[in-house]
Amino acid sequence: MAMPVPQRNNEGFLENADEWSPSVAINIAAESEILLTGKHWEIIELLRQFYKQYEISPPSNRLFVKAVKEQLGEIKGNSIYLMQLFPGTPAKTACRIAGLPRPTNCL
Amino acid sequence: MPTLHIINKAPDHPRFPACLRALAEDDTLVLIENAVMALVFESLPLPPCYALRADVNARALSESSVTGVKMIGYAGLVVLTETHQRVMNW
Amino acid sequence: MTRSPALSYTLVISGAPYTSQAPQSALAFAKALISGGHKLDRVFLYGDGVYLASSLVTPPSDEVNWTQLWSEFLMQTRTPAVACIASALRRGILDSAEQTRYEQPASNIAEPFEMAGLGDWVEATMTSSRILYFLPTD
Amino acid sequence: MHTLIVIDRLPYGDWHGREALDMAFSLAAFDRPVTLLFRGAGVNWLRPGQSADQLSQKSVERNLSAATIFGVSALLADKAALRQYRLSSDQLSQSASETDLTPAFYKQFDAVVVL
């Protein structure tokens, strides 16, 4: 099975954001045993759109939750919902799958 | 609430006039580092204030040359932060 | 003699050593506040201030090593001191965890400085009775 | 406790403003009330149409536009400086209110931070 696996860093983030594609996302997600559903894609799209518009990814998990809340409302913009979709640190897991740079751990 | 303003910028730095404009009647101004040059800077309307002695001496400014400016040490600066609940650094 | 009750302070240093007076003014102030019976909660290095935490600072032998003086003071007084992680990484100041994370050839943070996020500063704004900023001079 | 974060330096020439913006974002992340003031040369952060890719820098105009999403309460601009730099408040890249920088203005905030 041919899996697109572009070069990534030691935490699994893409070295070159241009190499991202939905199938890359599916494969990165599969490594963490996440099967991407429509709910996941909604957040992935939001993150990619966010990055394109503001040229930054949300700099912390709290601000990730806020950004989702701002655009999709409270039911999706809360840490439990996002944790269920993107286990671990949701901002980090979601950024990795969405092909965004590794967050700096600033907060 | 009376505010303690501590400025370290030279008198020709844009932050100097901004700081002077922000001073309220009951506020206190302290000059440290490069800001002590305000003691000799021409035609600057310097309000009554404090200056950090170590910085004044290092820059060869006479402690007694300016009326209305009190010399303090670091301990004096600490006392001013005790008596002012609000501190702004410039 | 009446004294005001002891206060707690956080000192933020955002001016670099040998570029600004910030680390030396902050150290003189820190010593004075402790002599005055107050508590120094923490020192937070931000912006160019993180250069103070470099263990590789090597001034000529007849000049003061500000990193060393600060380190000694922090250890003697058991004061927590952190360098903002985002400021530090950009400027090449790393602890061993970040060295591993970013696969860099070395780490160089001086003891007892630690890396932390701006969350520590936010906490300081809520818990310390005073926060003073020691800024660049330019 | 409401904090005012001040940006009073030009964008792109140094990192002070970016690092001040990070401070505002972190206060917002922890739901601490925070307002951003663009003072003096800092009003040029609000000049519309910035394109920084030839500098290989991110656009502060775009970075700044995330402020309200993250919960920064308000953006304020130094009225006198806007005039000095020929900016009118209706052409700014973000909606920022003009402000007179009187002593009373600063006293509205519990803490004022400038880098």
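To keep things simple, chains are lettered A, B, C and D as they appear, and every chain counts its residues starting from 1.
Note that in this section a contact is a pair of C-beta atoms (placed from the backbone, for glycine too) under 8 Å apart; a residue touches a chain by one contact, two chains touch by 3 or more.
Computed from a prediction, not measured in an experiment: that's the story for all the values here.
Contact tally for A-C versus B-D: the pair with more C-beta pairs in contact is B-D.
Summarising the inter-chain layout, the chain whose CA centre lies farthest from the centre of subunit C is A. Averaged C-alpha coordinates put the centre of subunit A at 34 Å from the centre of subunit C.
The mean-CA centres of subunit C and subunit D are about 26 angstrom from one another, to the nearest whole unit. Work out the mean CA point of subunit A and of subunit B, and you get 50 Å between them.
Taken residue by residue, subunit D touches two or more other chains at 22, 26, 29-30, 111, 113-114, whereas all remaining positions touch fewer. For subunit C, residues touching at least two other chains, in rising order: 86, 117-119, 131, 133, 135.
Within subunit B, contacts with two or more other chains are made by residues 89-90. Looking at which chains touch one another, you get A-C, A-D, B-C, B-D, C-D.
The touching residues of subunit C, when paired with subunit A in their complex, are 84-86, 89, 101, 103, 117-119.
On subunit A, the positions that touch subunit C within their shared complex are 9-11, 60, 104-107. The residues of subunit C lying in touch with subunit D in their complex are 14, 46-47, 86-87, 90, 117-119, 121-122, 125-126, 131, 133, 135-136. Those residues of subunit B lying in contact with subunit D across their complex are 1, 3, 14-15, 18, 21-25, 27, 86, 88-90.
Taken together, the subunit C residues at the contact with subunit B in this complex read 4, 7, 9, 21-22, 25, 28-29, 31-33, 35-36, 38, 130-135, 137-138.
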